[in-house]
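Chain nomenclature is as follows: A, B and C, assigned in order of appearance, with residue numbering initiated at 1 for each chain independently.
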Amino acid sequence: MSNLFELLKQYRDPVLARRLIDRIRALAKRLEERVLIMHVCGTHEWTITHYGIRYVLPENIEVRAGPGCPVCILPAQDIDTVIDLALEERLSVIAYGDVSRARGTMGLSLEDARSLGLDLRIVYSLQDAITIAKRESNKRFLFFGVGFDTTCPSTAYMVLKGPPSNMMFYSCYRYVPPSVGWLLELKDLEIEGFITPGHSGTVTGMEPYKKYFDRNPKPMVFSGFEPIDVLISILMILRQIVKREYKIENEYTRSVRWEGNTIAMSTALRVFKLEEGLWRGIGVIEGSAFEFKEEFSSIDARRIYGLEKPLKEDYMPSGCRCADIIIGKTVPTECPLYMQACTPQRPIGPCMVSVEGTCRIWAEHRVLSQLLRH
Amino acid sequence: MPQMCLGYPGRVIEIKGDFAKVDFGGGVIKDNILISLVDAKVGDYVIVHAGYAIQVLSEEEARKTLELWRSILESEEGEERV
Amino acid sequence: MNLPRRIKMEHGAGGSAMQQLLREVVLKRLGGMKAEVPLEELDDAGVYNGVVLSTDSYTVKPIFFPGGDIGRLAVAGTVNDILMIGGGPRALALAMVIEEGLEVEALERVLESVSKTAREAGVQVITGDTKVVERGALDKIVVTTTGIGFRHRLLDHNLRIVRRYREKLEFNWLLDRNLRPGDKIILTGYIGDHAIALLSVREGIGFKTSVESDVAPLNEVVERALEVGGVVAMKDPTRGGLANLLNEWAEKSGFGIKIYEERIPIRDEVRSACEYLGLDPLELGNEGKAVIAVVKEKAEEVLEAIRETKLGRNAEIIGEVVGEHDFVVMETVIGGLRVIPQPIGDPVPRIC
C-alpha cells in the first residue's frame, strides 16, 4: 500500500535541506546585490518562521510577506456593517476563526460585539455552519464569508446546492492573482521574485498570473508548504535571476497545475462574478472581489439590505504599520506597537489579530529582531 | 499550522454522495469532507482546506520533485554551473 | 502586567499566565518562610529541615484514560515531583473530594490504581481525607496527594561528582537554577503521549489513536541517573510541556537553552495528530518523563544508564545550556533557528 505520508516526510529531510541551502548560498554569492523575494500566503510565512528559514539564508537574500492573510485585508467597514446589520436585524453571525477578532473602524470586533448582544458562532467549515442553521431553524443566520479563492468555491457549491432557507451570505472573498499584479506594479519596492501561493494556486491555476507576468516579467514560482518546498522555490527563483530568464514555474507539482482546479473555479464563477474590491491597507484592486451574481440576490445580504460595499481607503489604528507590513514595505519589528501595545493577547492591528498575519506569526515565534541571523 | 489557508493531505477512505471520509494520519479521521470539487476516488490522497478537498495529490509528482532536485544538486555539487 | 480580575482556565494551565498568578497574587500573601527550598523557589517541591514536601491536585478529565487513570496519576505526579528535586519519596497523604452519584465501582478502581502505583513507587499512603459534595458541585472526583520524602540516598554521591566539574555549587538540592552553560539536557523519552491519549477520548475532537498515556513514577530512571552522578537539575514536563519547562529553567538560571528538533523523540502518530489539530508537541503535558540536566562530562554516561531502564529506553540528549543569550532556541530539522516561547498555558485543559 502506497504511503504518501511517508513520502511527504522527505519534504523535511535535513540532508536535502543542507544541500539546497549550500546551493542557495553559492548562487547568492554570484548575485552580490540584495534580492527581495515576496510570498503572498500566511502559511508560507508560517513555514518560513517556524523552520527558521531566514536564519539559514544568506545575508543578501530576503524573503518578505505580502498580503497573504484574508482577515488582515478584510475592510474594516465590512466588519462594522456585519455587526450593525446583525444587531439591527437580529441575525446570528457565523464566521471562521479569526474573523471574529478582527476590528472595525472604531476598534470593535465581532467578538467584542457579543457584549452588545451579538450572537456569534465560530466554525471551521461551511458544513458546520449549515448544520447549525438547520438545527436552529427559528433563527436567521448571516454567514460572513472571508477568505481567498481557496475558500470561496465551497461556499459557491453550497449555494448551488441550496443552503438552508434561514441562511444568507455576506461575501468578502478575494481573488489573489490581481493582487500579485498590483504588487508587480509597485514602484518603490523592488521585488525581484515571487513565491506564489500553493493552495490558492491549486484552485486558480497558474494561468491567471500570465497576463500580469507578461506586463511585468519577474520570477514566479508556485510553492508547497513544507520547508523543502520553500527552499527549492527560493533556489528556483535565484536560478532565474542569475540566468536572467524569467518565467512562471511550478515547484508544487503534486498539487498545482497550469489550469488549476477547473471544477472548483467554475463552480465559484457560476455563483460569483469578479469585481473591484477593497483590500485593507492597500486600496481597491480591479477584479479581485467575488460578488454574488444577480440570480443569487435572495441570499446576498448586501442586496437584501441595500448595503454599499466599501471602496474608499480603509482604517488602520493610529501608530499601526500593518499597511506597510502587508505589502512588504517593512517588517513587524519595525512597528512601534509590535510586542509593546500590540500583542497576540491584545492585538491592535489586523496583522496581529489573524493567525496568518505576519505580526502574529512573528510574535508567536518571539521574533524580536534580526538577532538570530547567522 | 494556522487553520485557515492550510491544506492538509489525507487519504480518501469512503465516499458517500458529496462527502468523503478522509484519514489524515495519526488517527485523525474526518468524515464530512466535501469531495465534489475534485475528481477523486477511494484510495486517492487529497489536499483538504476548510472542510473540502481542493485537489487530488499526485504521489508521482511528489516523488519526481524530490528525485529531480536531488539529482540536480548531485550533478552541480562543487561546481558553479546553473 | 495587569492583575487578572477573574480566574480563567489559563491560570491553571501551567504556563506564563499561571506564573503571573503565582507571582502577583499567591506569593504576595504566602511565602517568606525560612526553608531550605522555600515557596519562592517555585520548584517542583519544597524542603524544610531535610524533609521534601510536595502537593498536587488532580482534575484530569476523563478520570479513566488509555494507559492510566486519576489514581495512578495522583501517585506518580507527586512522587515524581519529590524525585525531581533530589528527594526519595516515602509517604503520601491522599485527599478526595467526590461528587455525589459517582459509582462506588469507579472509586474502587481509582483506589486500586493508587495502591498499585504506590507499590511501584515504593511509597505508602499513611493518611487521607474523604469529602462528598452534592451532584454538580464538581466533576466526578478531585484527588489531592501530598508527599514527603528525604534526601535521595544517592543525592550526595551525585553532587560530589558534580563538584568535580563545577567549582561552585551553591545548592544542596537539584534546583532549576543550578544550570550553567555547557550542561547537557537529556529528555527521557517520547513527548506528547499523555495529552494525545486524553484528547482521543474527549468529546468532539474525533480521532482514535493507539497512543497511551505515559503516566508512571520515575524512581528507576532517577536512581540510575544519580548513581552515575553529575546531575544538576531535573524536572518533569507536565503542564505546558517541554516548552514551558525549558523556559522556566532559562528564567530561573539566567541562561539560555538550545535544543535540536531532530533529537526530540516524538511518535509519528503524535506528530501527525498534532499537525492536524494545530498543536505543538513541545507544549503538551507528559506524566512519565523527565528532563535531566547533567554536567557535560557525564552526559553520555547518564544517558546510557537511563536507556537501560524500562521508562528511559528512548532517552536522548536534546540540547545544552548556553551563555550567549537567555532564550530557549531550537535548531529546526532544516538547520534553521527559532525561539521556543513560554506557552501562555497548556493547550489542552485538565490533563492532570
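Please note the rule applied: contacts are C-beta pairs under 8 Å (C-beta built on N, C-alpha and C of every residue); 3 or more make two chains touch, one makes a residue touch a chain.
Just so you know, these numbers come straight off a predicted model, no measurement behind them.
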item	value
Best-connected chain pair, where connection means C-beta pairs in contact	A-B
Most remote chain, CA-based centroid, reference being subunit A	C
Mean-CA-position distance for subunit B and subunit A (Å)	20
Distance between the centres, which are taken as Cα means, of subunit C and subunit B, whole angstrom	37
Distance from the mean Cα position of subunit C to that of subunit A, given in whole angstrom	39
In subunit A, residues with contacts to at least two other chains	5, 50, 228
Multi-partner residues of subunit C (at least 2 other chains)	272
Residues of subunit B engaged with two or more neighbouring chains	1-3, 25
Subunit C contact footprint on subunit A (complex, rising order)	5, 12, 14, 17-18, 21, 49-56, 227-228, 231, 345, 364-368, 371-372
Interface residues, subunit B side, partner subunit A - complex	1-7, 9, 11, 18-19, 25, 32, 34, 36-39, 45, 47, 49-52, 54-55, 57-59, 61-66, 69-70, 73, 76-77, 80, 82
Complex contacts: residues of subunit A adjacent to subunit B	2, 4-5, 7-8, 10-11, 16, 19-20, 23, 26-27, 30, 41-43, 46, 50, 68, 70-71, 96-98, 124-128, 147-148, 150-151, 153-154, 157, 161, 197-200, 202-203, 225, 228, 232, 239, 242-243, 251, 253-257, 261, 263-264, 267, 354-356, 361
Touching residues on subunit B, where the partner in the complex is subunit C	1-3, 8, 24-30
Subunit C residues within the subunit A interface of the complex	262, 272, 325, 327, 329-339, 341, 344
